[in-house]
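Got some structures for you, see below.
What follows is a pair of complexes built around subunit A, which joins subunit B in one and subunit C in the other.
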Partner chain A sequence: MLTEIVLHKCTSAHKLVSSLKENIATSKANNSYPKWSDEFLTFCEHTADATLDFIDKRLPALEGSNQELNILSLIQGWEVLHTFIKPVLDADTLKVPYPLVHFLSEHIGGLEAVKGTKIVIELIPELNYLQHRHTSVRIAMRLLKIIIGAAYEVPWFGFLGLPYSQSNSLFMNCLLYHEAGHFIAEEINLFPEEDIPELTKELKSDFKRYANWAGMTIQVWMEELFADIVAVKLIGPAYTYASMELLRLVHNLSRTNIRTFSINHPADALRFREQLKILKADNWESSAETKQWQELKKIANIRQNTYLPPDDEDPSMRKKWLKLIEFLCRPKNIKKVHDLADQYLADRANPCDCFMQSAAIIRECLQHGIVPSWSGMQRQIPHPTAIINGAVFFLLSDMDDLYKIVPSINKNKVGERASLEKRLEMWCIKGIEDWLLRKNKNQ
Partner chain B sequence: MLGKRNMRDSIGYVTLGLFSNALLNELQEAANNPGCVPEHREMIDLAIDSFHEIQSPKSISRPRFADLVFQKHQEANALRKTLSSSKTKTNLREMNKVLDTIVKDEVTADRRSKSIEKAVDFFRELARTAIIKAECPEERIPPGVAQLAY
Partner chain C sequence: MAIKKKQKPVKTKPNYSGVLTKDDIIKRLEKPVKELRSLVITPLPDGFDRDSIDLRLGSHFFVPRSYRSHCFIPGLTSPHHLYQEQYIPMGSFLVLPAHNTVLGGTLEYIKLPSDVSGEVLNKSSWARTFITIETAPWIHPLFRGCLTLEIANVSNAPVILYPGVKIAQLILLSTTCDTSKKKKDEIEGTYIGPVRPEPAQLQYTEKALDPLGISKDEVTYPGDEYLNHEDFQTHVADMLRAKGYTIKKP
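What follows is the complex of A and B.
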């Protein structure tokens, strides 16, 4: 028997959950979704069914005071899930570069350190990329499942968000790999909370009562560097060049800005310096020669002692920020980040090796306006990381070859340039799709 | 925005609320039959391991996917703050002993019953406080997203 107040709350919960279920069902009827997004939505539907069943049948059997606590907690659990469902519903296969995100999901899920995880794509309103922290939500969903007595397991989802304007883009969406780096960092608990006291001890003499803050800031900066390194190790210069492109959109790579740290991010000069180390170690130097590569080398040469602290309203904090920057840049701390990336990506394939195998054929295809899955006599479709990097190099250096065979397009007209570049990106996305189709056919 | 909170800022408290409720349901079932070890003890075991891990980090070896609760900053913080503002006088170490007693084989029905009662009081108070705090977390944590923002 439910009291009037519990009955009222149960009715509200019932309406909320039913409405979400209807929203999902309607969207699924009208659209198709990337594989893991579809699984996430199905998981939400099953959770909705089990929740409604719990409210109808099992909740009334609970002890009186537990009824109200249970239903209030259930509503809160669904409010959390609510914030995840909408951006996933927005990201149907027509609104995301499906082959790219499908490949990324397989690429990341194939790494031993995070094997079997499933990347769900969200569309977000900002012109930015993000990773939604997922482990707390996963635990909350597991507890919700236990309360409602559902029989299924909570799948191992990760959530990456891309801007809704970039649905057909290949180049900019390489930035998703940085977010995948954050996903890996969270999944393996790269910088656990229990490490903070040790770090704080190291920082104590310089930072005194600020040592805890300093330790946490160092961890945040290190995770950013880690995410960059993961991205470059997995996708090569395509990530670095895409970052430079995004930077140009925002602040024109000014020398002051790229030397400035923010509360959440190390200075871009440091980030690019560390990326260049990986690119050189992976042997990209001979293939990645572009104007951007020269720019990258210049940025990497910016002296560390010219890095600038974040703007802080309190001028007395400037010295502390500078000390913290110096601490992060110590060789042993930078090495620690590289070592962690090496450790967790030990089984990755060097994208430069894939690229070298197919660079010539990809370039030839693009020069003639052909989808780069045609591989002549080789019967082997170039690997997606090779297609992505081939496309980026072509976009940055070789577009003139394409203008020659499409005389109707005037390369001095911005709109026409943009339209041809978009087409090139779409050919490459198609190339990735062909690779995935061939791979699945062979399995 | 109309409301007072963003549920993503409240996730630590939501998790604590769900955790306490799931545990309460198991304890309630155990209370009906204190003569033997509870048949359903998934949550009790999870609580014992999670509390133990908070007190002695890295002491529990577990596969990557076997998530314990309260190991993330947001959840651990929510637990700390909820405990300090709830009426309960019991600390985590004592509660771990109580939960251990509930799942031990060689415990009398009377002792198990008293332990269950104590645990129910503790987690009911925890659930109540967590639910209230989830509605208006007193601090905004940095956005629950790791952005590439430049």
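What follows is the complex of A and C.
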């Protein structure tokens, strides 16, 4: 028997879970979802069924105090899931570049450090890419499993959000790789809180009771650098150029803005400097020689003693911020971030090697308006990272070749120019789709 | 007496219009992309018939949706109002109800040589299930893109469509038409290298009828009677008065 209070809570929980289940079923009937998003939604549906069954049949049989505890925990678990379900429902395959997302999931899930990870895509209202921290939802999913006694395993989901305005374009969505870097950092607990005292022992005298705050800030900045390095190591200059493009939209890459740190992010000048190191180490220099490369080098050359602290209402904090910036930029701390990336991405393939193998054929295909999955009768489709970078270089340097064969497009008219650039992106997405099909077949 | 010079017969190139065989197709596929007479089919099918290439169904669809207006006016109504785009990943399926249509596309992206035209035809087995796939089957030389298929289920039962299945066949015909004399590669036509089905891009009726001497004022559209705002207000007011309402003048 349920008490009046528990009965009331059970009814509320029942209504919440039924409604969520209905929402998922309706969306799934009308749309199709990327592979792992679909699995996440199916997981939620199964968990909803089991939850409803538990509330209806098994909860009343429990002891009084256990009844209330269980129903409260169930509600808490579903509250957490609630915040994840809607952004996932919004990201049906039409609104995301499905082949890129599919490839990214395989790329990340194939790394030894996070093997078997399933990347779920969300569509978010912000004009920004972000990683939805998954630790809470994983705890919630496990909690629900234990309470309802489900037999299934909780899959290793990661959640990446992309702005709905970017929808299914290719180049800007390369920024998802940065968020994948954050996912890896969270998944392997790269910057644990217990490391803060060790990290900041040299700052103790300057920061005293603020030492913990200083340590957390340094860790946040380090994670940003780590995520950049992961992205560049996995997808090469396509990521760096996409970041530059985004920043150009946000603040036109102005000299002041790129030198300024924020509470959450190191200065873009520092971020690009570290990315350039990786690009050079991976041998991109000879291939990536574009106007953007020159601009990147200029940004990377900005002296670190000109970096600016975040805007702070308290002027006395300026010195502290500058001290933190100086501390982060110390070679040993920067090296630590690089070493972590090297350690956890030890099994990655250098995207430059893939690119070199098929750069000529990709360029030739795009020059003739052909999807870059074509390599004659050889049946070897270029690797997606090669396709993406080849297309980025083509867009930056060789579009004139394409304009020549499409006389109906006037390159001086913005609308027509944009339509052909979009077409180029679509050819590349198709190329990635063809590669995924070939890979499946070979498996 | 003037002797008439015997006129030399003009040598014309023989017209070799004919269907390309498997060997012809492979030779064309082996040519480098930059050659005008090269053929591209990507992803490459596993094999070829003696005189045709099987094409598979792609993942993008335009599914018709109920339309809020009373009719579709070519060139005036956005074709996006007619369809809802759907992406069906490989392994999943689309249900095509009886007596319904859907725009699909081929999985293969094609570039035809400068001296070859193409024709897309139904696969005989699909035809026997009363699925038709193409109503505008001709492909011009140098076309490139995934082919849009106007799929119709004219049977009495819903049919399941799986992306990736062989649904059409492409016949290639060599031609001696003008395009074979082209010296450079060019993408022409309304649809530039599509990788998914694309909705109709029709001309405004006024523009389309202009070459026939039909002036802009002579072209009428449904609903024209309501376009004059004052007339429409009077019309509505008269209708309401007829039904017993009292309409005050503003």
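FYI, the second predicted complex is superposed on the first by the 441 of 443 C-alpha atoms of A that agree within 3 Å, B and C clash if a C-alpha of one lies under 4 Å from a C-alpha of the other, contacts with A are read in each partner's own complex, and residues count from 1 in each chain.
Heads up, the rule we're going with is that contacts are C-beta pairs under 8 Å (C-beta built on N, C-alpha and C of every residue); 3 or more make two chains touch, one makes a residue touch a chain.
For clarity, every value in this text was computed on a predicted model and none was experimentally measured.
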Touching partner for A:52 - first (subunit B), second (subunit C), both, neither: neither
Which of subunit B and subunit C A:187 touches, first, second, both or neither: first
First (subunit B), second (subunit C), both or neither touched by A:381: second
Partner chain(s) touched by A:423 [first = subunit B, second = subunit C, both, neither]: second
Which of subunit B and subunit C A:329 touches, first, second, both or neither: neither
First, second, both or neither for A:140, with subunit B first and subunit C second: first
Subunit C-contacting residues of subunit A that also contact subunit B: none
Of all residues in subunit B, those that touch subunit A in their complex: 7-8, 10-12, 14-15, 17-22, 24-25, 28, 42-43, 57-58, 64-65, 67, 69, 71-76, 124, 127-128, 131, 134, 142, 144-150
Complex contact set, residues of subunit A against subunit C: 31-32, 34-35, 92-94, 98, 364-365, 367-371, 373-374, 376-377, 379, 381, 405-409, 420, 423, 426-427, 429-430, 433-434, 437-438, 440
Parts of subunit A lying in touch with subunit B, wherever the complex brings them together: 62-63, 65-66, 69-70, 72-73, 76-77, 79-80, 82-83, 128-133, 135-140, 142-144, 146-147, 156, 161, 175, 178-179, 182, 186-189, 192-194, 223, 227, 243, 246-247, 250-251, 262, 264-265, 268
Subunit A contact footprint on subunit C (complex, rising order): 26, 29-30, 32-34, 40, 42-44, 59, 85-90, 92, 107, 109, 111, 144, 146, 164, 184-188, 192-193, 195-196
